[in-house]
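Down below are the structures I want you to see.
Same chain, two partners: chain A is paired with chain B first, then with chain C.
Showing the complex of A and B:
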């Protein structure tokens, strides 16, 4: 409790402050008359990765901005280390396109007042981990999209932050670079940082320690991927296409998946063990139809969702 | 099985650079084929050749029964990632304009997008915009659909609805070619063709591709692992990186 109070007041944590947990608790953000975040909780534990997953306009960026302190919530708590112990990579940019790779790292090091020796050692490590050692003199703007994301992430890691906040690191990045980026992000967690990353790819969320599924400013599900899987209420089945089976259903390849909140599947469906993608769709369906939502006690999906998007 | 679009040994060079090298690909009626590959793998060049926008230097392209022609292209629905909608027009105006431009009859807005008819396209969420773009293209009842990352950036329910539309089109007989590097989309396809370094590195069902990569033996029966293994191997074989020019383990700058 005293720990939490200290963090809330923004008291700088000594660098040995591992064990402290950061994150958002019951955060509400309104923009104009619209609700951008509606009581969202995002845990961030040292040494592990939390992924906030959702589509465009779900509220992911707002979440991360509140966590970094760029945006003040209307209510709720944001626990974060002092500013100089945070690394933040926004969804766009995060690097200087008219500076070289080396200059980008130098500039960042000076901004964080890293000493010469510290900087050289860290910069070499970052260049090695990002695979950018061969292009040190290339301008940021001349790097491929995947390399730019790796450099921006490397810059945010230069000062060994206690909390790394990274907005859609892999959107539009090809699969090989995506794997490399996640290796870099997981490496930061292995070094002890608390990491919060957002993504639109459900399969990336399935590998995180903790997942928060966000839609229209609400957390539809949260917990470990296993807990989200176990949280699927009722039964999930598969039925052959093309005729749509009765009940809430969605396509999976040429077949249908069908969800029965009360566990009674239609005759043409055979039960399957839901996978993480199924669990995510079920959570979204449950939230969209509150009458059948046994998994969620939240009120009906908020009507101002459309307005929230427009403001973005 | 009617083949709607086919490349046989298709090759395209730009100067000394071979973007697409001896590629075979076919899309038949009623099937959804996923064309996978990293940035620079040759996917876009291949699509441009299939649509007759770019001539191959070698090999043969057939589109709807003949060499690609303007008449054949009119029977193809193409939804680029940028969607091709007018952000400053309403959904109804976009609909009216595009159907008129293609000389189609006046038709009512499809049920799925009707609720947004008076909304400006620019004010809709990305998932909604994608549904509108899709409805506009489907209104022409294309025989072949070419979709570029159709559900990128869309939430889980929005993606599910888009895939319902795509499958409906295939069930009604359209052939669908989805280009993507999103492996969630790949899993929705009947068949996959993986490109790397301008060549076909693997093809078949997701299970075939996982088997071909040999990653399952290492305990990872995962399409993403398989894809990365195949692309990395191909890059080593051709000396051309399928993705970034420089990455860990490849100094081919």
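Showing the complex of A and C:
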């Protein structure tokens, strides 16, 4: 019996012989007078990772809150399993800083009513996977930022959830820990969980099975990273710095990237095959300036997806 | 420096609760406590019993005394029962060679005022000077009266402040959000959250009473069970207030502010220091909304006067009502924190959920 099935304990059997899919469909949320989400769809398929990527204030957390049931949508559908089968890591620490690593896991196990044997076995596995086995008795507050996020993720995985929702798991975490965290998240999907994670780091999104690019509460693009890449319209080129080239452009290292909606790049720019990061920026630019002519004649000071960060 | 001043004012302008505490609260406290802070007692309730009850009653004049009942058939036992049950503070027993005046020693200021007034009383010719006997606290020892009340005050502090801080800490650290997603009922979370504080407060209560008895020689003459019931209800109210405060506080600083706003009136208006009966009617009603007022009545009644449950049903009942109201409000508000979806949609989530709107 798989770990997930072992922990499912009476959950409804998925229909059609395959895992039930969860997610958001055409969800609209208003917060006060602000439209936080406008017809956003976020698929969450068992065994795969969906990443919601966007800058600060794009609506990522709102998406995840609706998915977990923390927030009710004004319209649209949120499909999720029963609470017993959801694992959630908020953007905050997501653990008790005055409990030890073991005690944090113990609390989670009790909250999800894991049996003693299940708890011990799963806790050992989680500690091995997170690399926290050597600090079991250390207080959560005394762990490094990366270790805290790993512990929080481990706590959310302890009961082998069908749906893992994880809000900005790697923000403020060092590069090595980020790799380890994504390995944990990918491992959860490999075990069969539907994973929905949010991030501001574009490069991290490219590792997902599906990506939803959010900007100001709207999904600018959605699909596999390849599909998003194939959806890049016009032409992307590179131009040497420091002078900013004409037309919509953004910094990539010492050079500029230039996007031309009509395919005609400036003279000083040479064409390049866009990568995923380019595709995300182009999608944001296209959405901000539906008329390519206006984008070309009056480029934004920086891309609308300016908050979305490159991997550091 | 001016940059700092301007920044502070800008921050203060947005921190309305602190501004209210700094400007409105002192004015409010001064007015309320000005009327409440009164050691001069009047209208001391007196019962006169025995064949000379009417004559005795006619001597005890307002504003110091207020004769509540004249019972010619009454005996000393009747008078003692009324004092024990808190119906009167002074009882005049006539019929013997000298009138006997019984006083409730748990009412320090009333007894001091009554003794002084009796000394000034002009007796008609042929009437012997009364014998005065102070019951329950013959030496009018202040600590005997204060310790049962201070025990309550300490428990208000622990129950309200510590509980509110504990719950707000969950919100600040983001773990409240996690709890909301976990398969826990709101009641499980609240009960699990306040049970340890209730237990600790109960242990504290035992320690405080034991120290009061051991160090200050405060007697415990009544029924422990009655005291325990009153204390349990009181602790439920104070921890409920803690949860309630936590639901309207975004951080621990706000929780501390609000907890002190509830603590201060309880210290000054509950009868711990100033007699409730001496307070102006305009502020006395506030006393009747405070749980400490009733706990003090119960603790002094049980510890010093051996008051039975029949004599304390009123404060016990009112504490029970307060417990239901405060805990009920706390649970309703806490549920909203834990299950915002339910609040927003007015529906319980389905399992597995297809929450569509």
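Just so we're on the same page, the second predicted complex is superposed on the first by the 274 of 312 C-alpha atoms of A that agree within 3 Å, B and C clash if a C-alpha of one lies under 4 Å from a C-alpha of the other, contacts with A are read in each partner's own complex, and residues count from 1 in each chain.
One rule holds in what follows: a residue touches a chain if its C-beta (ideal position, glycine included) is under 8 Å from a C-beta of that chain, and two chains touch if they have at least 3 such contacts.
Since this is a predicted model, take the numbers as computed values, not measurements.
Shared-chain residue A:288: touches chain B; no touch with chain C. When the shared chain is aligned, no partner comes close enough to touch A:271: not chain B, not chain C. By the touch criterion stated above, A:263 is placed in contact with neither chain B nor chain C.
In the superposition on chain A, A:32 contacts neither chain B nor chain C.
Of the two partner chains, neither chain B nor chain C is touched by A:240. Within the superposed three-chain model, A:147 lies in touch with chain B and out of touch with chain C [touch as defined at top]. With the contact threshold set out at the top, not one residue of chain A is in contact with chain B in one structure and with chain C in the other. Taken in their complex, chain A has these residues touching chain B: 54-58, 131-132, 134-135, 144-147, 171-172, 174-177, 179-180, 200-203, 213, 215, 241-242, 250-254, 277, 280-281, 283-285, 288, 306, 309-310.
Across the complex, chain A is touched by residues 173-175, 177-184, 340-341, 343-345, 349, 351-357 of chain C.
The touching residues of chain A, when paired with chain C in their complex, are 11-12, 20, 68-86, 88-97, 111-113, 165. Those residues of chain B lying in contact with chain A across their complex are 32, 37-39, 123-127, 152-160, 163-164, 166-168, 171, 181-184, 187-190, 224, 227-228, 231-232, 242-249, 251, 253.
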